[in-house]
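Next, two complexes with chain A in common: one pairs it with chain B, the other with chain C.
Our next item is the complex of A and B:
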């Protein structure tokens, strides 16, 4: 699992590559939280290049989303497709966490 | 911290009498096996996807309850999903229950009382000696159900376990339950093991209902 961080105005985009599972979930949590500048700010987590997500990966995303919500910072997931999108769908994540099909849509909401 | 098996046991004990409230036996068995599987997942020992539950760290936890399931999981070469393992370990639920009850007694949360009824039948109850742990769990779950916070993984597990045992239908009045039932379902779905537990229990309830409707041949 690798994370590429970029800034789009004041929004941090964390583009994840690889698998988010029991062996990488802890790294994912730590790296996503560390990606945001000190003092906080909105974050978009782009999963377009994630090939697999397990139960541990779902938990990691929930933990990060909860942390951002508690700190009153915007958090959104975008770009997920194929089997990863299917796991999100059957777990009903879209009812709990803002999710967008594209990075542009997520950025528009984060900036709005 | 209590294990999930201990937490679900506290939730099914009646505060006043110390007796288990009536919960369908199959639901309770699978809730206990699901509880241990979720604890193993939270410890990073196992992981799951919709098709398979797999071991990622077979090193024993040195917790008798957890290792009772981790060992056979580690030794299995079978690729099975969460539903299979929830049912498989549901057969050993009595052992999980006894170990968890003993631990709650050892830690001073419960005390055990045996009484003889009609000088023959032994009735066992577990009055709550220290109700803090139980009240804390109940309070946390109630708050979660009536707001829109993102639940943490442990609370998702407890909601899923309690729902599998249909505890919320006992705790809430009918109008209250109607208000929170969608939220309960929404939370339970977030964890794949919890989702499988719910599926297993509902399938059995469906089969039982069908058998009752058809009646004896």
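Our next item is the complex of A and C:
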């Protein structure tokens, strides 16, 4: 699992590549949280290059989502497809975490 | 029925990568299993880490987890055996509330739901003081 961070105005984009599983989920969570500048701000998590996610990855995403909800900061997941989208559907995450098909759509809402 | 491929590992989280590699290798050898590779990896990880994280080592006779993959003409059967205390993941594990809000969602508890939802058929039995969990992906009979 690799994570690349970029800033788009005040929006942090964390682009993830690889697998988010029981081996990598803790690193993923720590790196995503560390990617946001001190003082907070909106975060978009781009999962377009994630090939696999298990419940350990769901747990990490839920921890991040809860933190952003508490801080009233924007948090969105985008770009996911295939097996990752299936896992989100089964777990009901589609209903509770803002999701966008593309990074551009997520950024537009984050900046809106 | 052809002979299964077997894999025996200690219940330690650092062995997850070896389990994934074993499934990848199997799916390269049996084309009938390849369409189900992601579901097989997901179920194997969830069942294995559930064993690693939730079964008290004092309650086991050994820390071994035994897997077998049985190729089928139109699918594959995955079997996991452990010697921990009796536990049926398909009836003993609580069903997570997938309709709860972010604030109310419990952290964890989704792994066994993913297993139940991605396998075509599932079964649990207690044999010789062992828990045996069998999952069918695609078409096949539980051995």
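One rule holds in what follows: the second predicted complex is superposed on the first by the 112 of 112 C-alpha atoms of A that agree within 3 Å, B and C clash if a C-alpha of one lies under 4 Å from a C-alpha of the other, contacts with A are read in each partner's own complex, and residues count from 1 in each chain.
Throughout what follows, a residue touches a chain if its C-beta (ideal position, glycine included) is under 8 Å from a C-beta of that chain, and two chains touch if they have at least 3 such contacts.
Since the structure is predicted, the reported quantities are computational estimates derived from the model, not experimental observations.
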Partner chain in contact with A:17 - chain B first, chain C second, else both or neither: neither
First, second, both or neither for A:87, with chain B first and chain C second: both
First (chain B), second (chain C), both or neither touched by A:109: neither
Chain B versus chain C as contact partner of A:96, first or second or both or neither: both
First, second, both or neither for A:29, with chain B first and chain C second: neither
Partner chain(s) touched by A:58 [first = chain B, second = chain C, both, neither]: both
Overlap of the chain B and chain C footprints on chain A, listed as residue numbers: 21-23, 52, 54-56, 58-59, 62-63, 65-66, 69, 86-87, 90-92, 95-97
Footprint of chain B on chain A - complex, ascending: 21-23, 26, 52-56, 58-59, 62-63, 65-66, 69, 86-87, 90-93, 95-97
Chain B residues within the chain A interface of the complex: 41, 44, 46-50, 56, 149-153, 156, 186, 189-193, 195
Complex contacts: residues of chain C adjacent to chain A: 13-14, 16-17, 20, 38, 41-42, 45-46, 49, 96, 98-103, 105, 107-108, 110-111, 113-114, 117-118
Of chain A, residues touching chain C in the complex: 21-23, 52, 54-56, 58-59, 62-63, 65-66, 69, 83, 86-87, 90-92, 95-97
